[in-house]
Amino acid sequence: MSIRSRHLAKDDLGFDSRTERNRKRSINADGSFNIKRKNNFWTEFHVYQWVITCKWSTYWYTVLSIYVGANFLFASLYYLIGPEYIVGIEGEGIMAYWQCFFFSLQSFTTVGYGGLHPKGMLCNVLAGYEAFLGLMTFALATGSLYGRFSRPEARIKYSPNALISPFKEGKALMFMLCNNKKGTLVEASAKVNFSWVEKDENGNDTRRFAILDLEIDRISMLALSWTLVHHITENSVLYDFTPEDYIKKDVEIYILVSAYDDTFGQTVHSRSSYIGSEIISNAKFRRPFFTDANGNTVMDVLSLGDYDLLP
Amino acid sequence: MSIRSRHLAKDDLGFDSRTERNRKRSINADGSFNIKRKNNFWTEFHVYQWVITCKWSTYWYTVLSIYVGANFLFASLYYLIGPEYIVGIEGEGIMAYWQCFFFSLQSFTTVGYGGLHPKGMLCNVLAGYEAFLGLMTFALATGSLYGRFSRPEARIKYSPNALISPFKEGKALMFMLCNNKKGTLVEASAKVNFSWVEKDENGNDTRRFAILDLEIDRISMLALSWTLVHHITENSVLYDFTPEDYIKKDVEIYILVSAYDDTFGQTVHSRSSYIGSEIISNAKFRRPFFTDANGNTVMDVLSLGDYDLLP
Amino acid sequence: MSIRSRHLAKDDLGFDSRTERNRKRSINADGSFNIKRKNNFWTEFHVYQWVITCKWSTYWYTVLSIYVGANFLFASLYYLIGPEYIVGIEGEGIMAYWQCFFFSLQSFTTVGYGGLHPKGMLCNVLAGYEAFLGLMTFALATGSLYGRFSRPEARIKYSPNALISPFKEGKALMFMLCNNKKGTLVEASAKVNFSWVEKDENGNDTRRFAILDLEIDRISMLALSWTLVHHITENSVLYDFTPEDYIKKDVEIYILVSAYDDTFGQTVHSRSSYIGSEIISNAKFRRPFFTDANGNTVMDVLSLGDYDLLP
Amino acid sequence: MSIRSRHLAKDDLGFDSRTERNRKRSINADGSFNIKRKNNFWTEFHVYQWVITCKWSTYWYTVLSIYVGANFLFASLYYLIGPEYIVGIEGEGIMAYWQCFFFSLQSFTTVGYGGLHPKGMLCNVLAGYEAFLGLMTFALATGSLYGRFSRPEARIKYSPNALISPFKEGKALMFMLCNNKKGTLVEASAKVNFSWVEKDENGNDTRRFAILDLEIDRISMLALSWTLVHHITENSVLYDFTPEDYIKKDVEIYILVSAYDDTFGQTVHSRSSYIGSEIISNAKFRRPFFTDANGNTVMDVLSLGDYDLLP
């Protein structure tokens, strides 16, 4: 009992044991948290965070809107100053307004053809200010575009299922992962937490947490696949779990993997989780790599997670 | 005694035990150091540090001043060379000078409408040099703008108070924190130091320091709130403190939290502190998250730190 | 036996013990993995990873193709709108088309001479959009160019051979490394793994893995050369290896070095490996540095790895 | 003896014990290595490393040379194509050549006034290529300018001397450091190595190395000064050193400090060293901070390292 309790790590995942029995998983399979937040909008909102992580369509829509909006603003200012201060404008009214808009486009992007160009103090100063503002605005637009483009991410592929497989004299919980893209991951490490619901002394459902010790929790190079193995010994919290318990006790397994990525030149993190229905009892993973006729080792990413049910 | 002294960590916070009894806190609630520095101005000053951390108004004022100043400088040079070397300039004297200024604006920003353009060796070379300098100057302006925009920061929200709450058979010092913005923090860790003033063997006030051991000092995912708990056992330096002592002994609790931020792709640090008057005895935090009708866990950031006084 | 097995670290290199006897080395001498991957093309492909690591010729070819391609696209659009909407175009047909192309070049790069400039709504809007797109496209091109230029890399030079040299009363496996470029490496650390093939209980070839303990596995400053020494004691897996075994048992030694690089301001990683035929028995490295007449220590990088065979 | 030898850390500084008695220090006071390197020029040279670390005058000279050189190259090409293909060029021969040069300046910087603008296939294509190349070249120039500007560096100020001061019942080697600029350093840690020359068993001079254990080797916040203290106990290698030995035995103390810098958002490293003549026996540092009349703690960076000789 005392040994097993060593595994009990209440709170240490950042989820609280007091959480009610919750049918929705806490971590989605893609690694995002499944938690709603209630906060003051402007405190919660972080411009950079939003710009870097929003959808591409939202990003382009926002950037283009700011671009067009800024130009309409400056077009209006030029029009107020008077279209006659922009050399090359012909016509009047809406015609002149549009040419103010075109002049603004050409100033904001610093393309400055010169077919239209400013004269007079006010118009020149405004054009100089617009070019300045254009350069600063495009710095944010192009910086965040490149930031999105070069954002570090660990594209780890996890086996769709965790298996209970034979291991040594007993059995073990196993799942696999590999790098899902070209490029080199080194110094990979993994932490696995386990949570389930059980009755506390008062007969109420309580969510409990435990760290699952791994046979190997750190590898030097993630060149092939990596099978993470939790040996289910007498000291494991899984020792008394029947196959049905994984669903009945609302089990969730949380995985946190970090590795140094040569491409980004920094450490990247990846998260995933398995819920009870994704745990298969008495099965064994197939080996996802082989040596081909030329003596090359071939890693077959597509077959990662294929398994055979044992009799 | 020997066990308790294990907690005494003189100097290890970077503040010296010899510091006089100082009524002003050493670390402000926002994490900045409350320490004045005396140093040679140019040694102390670090341009990049200043540009990245100064107020937005100061930043814009500085950037615009450099922009305007550089253009007046170049305008004067063009005027010295002779306005007649800029094709398109009409008028003389101050009129011509302003047009030199406008030409400079158009060169510095590389907008180059062409309504004004250089002729002659000197004017052309100067314009070519100005365009070069403009590109280099804007690199610093736009780079630092984006640097400010994308600067990593941990927006951790701390409970406004630390509480002395019942814990196990005894009591504990507790405070809470959570992520105050959208985005994901993982691998969070915390260190807590405690300082107070007491009489030394000569009867002089001495500031003493101790590390406060935490029940959990590292969590894998900061998805909800995190309650930091220092159990006040016989071995704790807090064991003999009465509620009044927290104020009388000029207590300050220093907190250093670090976590990996998915948005910035790097580890961020956050600091805070509590002084004696912010420590509430015999109270208990309310739970700042709940499960809603749809089975979603909801983290209520606004209620973080709400507590009930115990009878 | 029990002590020696402490060194056995099955799987912990990320290569599996089940790998068949494979005549090709797993890690090339330049540190890249010698492993083929089978994966869905678009999953495997990561644009940023590719852009940062592809060959320079491929990079320039790609960037120029996109530049030229985008301009042909816009040229065609301008031509469709009608060359008469670009002021300054003379001639017709293919002549006019080329001038549309030139106008597009001048808009996309924001050079905008103005010899050609747009008139009319459609042409002006398209030109404004092209300038916007040009700025965004060049952000990716210039960002990735600078990303390639400033990409952190550890240019560690490894001795071409590992030696079995006399050491203390016995012998040791030794190899050397040094910084192969100017600049400062500090806080260097090394991990060495060893793999070989032997018969398992069923008489099948199995690849086995072991960590090789080093006398010193971490140095504060990599100023001169660093000799990595694995003392071959009774507890070492190398204890029973004869010189012939290194080739016969298909040995591969994997080296992972990391160090903090002052230039890049971050930790860099380097990998290399030795195969059996690169291990020389009974030899001793020459010392690759000396003190010159002026009392300066001189590191002779070129002579790193020179050795003498012992009698 | 066995306890003291625990401190002997041959090689672990990256300098070899076989180094001859070398009158020049290995690490300069500014932290750079005092070691010459012999290597193939192009292997040794790393463009980015050079561009980021070269002197400002060298940097500007190089960038301007490339700018001017590229423009002369393109000017020559335009001249070869024929000055008549650039609209706006007047005159012939050297006059025309210079105008080709000016046109090149205006294309390379994308300022494109248009007073000069290309006509004809060849000239237009070349101008389009030059604008492209200009944008890419300026990306490297502006990127490296900003890289130099924002390069992380720890501006740690070390006391000019290390002292042998009274400590507890005995004495200790002490030196001080503090942050030499505005901005916040947290999680600072220090490693101190010691080297000296003594006769080996054959009577030859050998350089020996030892790690000096510190009373505190890690502090949470470097807000004030930090006094690094090596207690000279019986187990210390310094135990038998007389004041004269520090010079006679050619002592060098190596210091490596790292800390997390809030401004740069990353860990920075600093190195320094003391040689024998910089070690003062029987002295005591003055305290470099005080509490002013308003209760503020004031850190006096300028007085850091001031000391009093003891009687």
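All chains are identified by letter, namely A, B, C and D, in their written order; residue positions are counted from 1 within each chain.
Note that in this section a contact is a pair of C-beta atoms (placed from the backbone, for glycine too) under 8 Å apart; a residue touches a chain by one contact, two chains touch by 3 or more.
Everything numeric here is computed off the predicted structure, so don't read it as measured data.
Chemist: What are the mutual neighbours of chain C and chain D in this structure?
Modeler: A, B
Chemist: Could you label the chain B-chain D interface same or different, taking same to mean over half of its residue numbers are used by both chains?
Modeler: different
Chemist: To the nearest 5 degrees, please report the angle of the rotation taking chain A's Cα atoms onto chain C.
Modeler: To bring chain A onto chain C, one rotates by 90 degrees.
Chemist: If you line up contacts by residue number, which pair in A-C, A-D or B-C shares over half of them with C-D? Let me know.
Modeler: A-C
Chemist: Taking each chain's centre as its mean C-alpha position, how far apart are chain A and chain B in Å?
Modeler: So the centre of chain A lies 25 Å away from the centre of chain B.
Chemist: Using mean CA coordinates as chain centres, what's the chain B-chain C distance in Å?
Modeler: Each chain's C-alpha centroid was found; their separation is 36 Å.
Chemist: Two or more other chains in contact with one residue: find those residues in chain A.
Modeler: Chain A, residues with two or more chain partners: 106, 110-114, 116, 138, 143, 266.
Chemist: Please output the residues of chain A touching chain D within their complex, sorted ascending.
Modeler: Per the touch definition, chain A meets chain D at residues 110, 112-114.
Chemist: Sort out for me which residues of chain B touch chain D in the complex.
Modeler: These residues of chain B touch chain D: 9-16, 18-20, 22-24, 26-27, 32-40, 43-50, 52-53, 87, 106-107, 110-114, 116-119, 121, 124, 127-128, 131-132, 134-136, 138-140, 143-144, 147, 151-152, 191, 193, 254, 256, 258, 264, 266, 268-269, 271.
Chemist: Spell out the residues on chain C that touch chain D in their complex, using ranges where they run on.
Modeler: 63-64, 67, 71, 98, 102, 105-106, 109-116, 138, 141-143, 145-146, 149-150, 155, 180-184, 186-188, 215-216, 218-227, 260, 262-263, 265-266, 287, 289-292, 294-302
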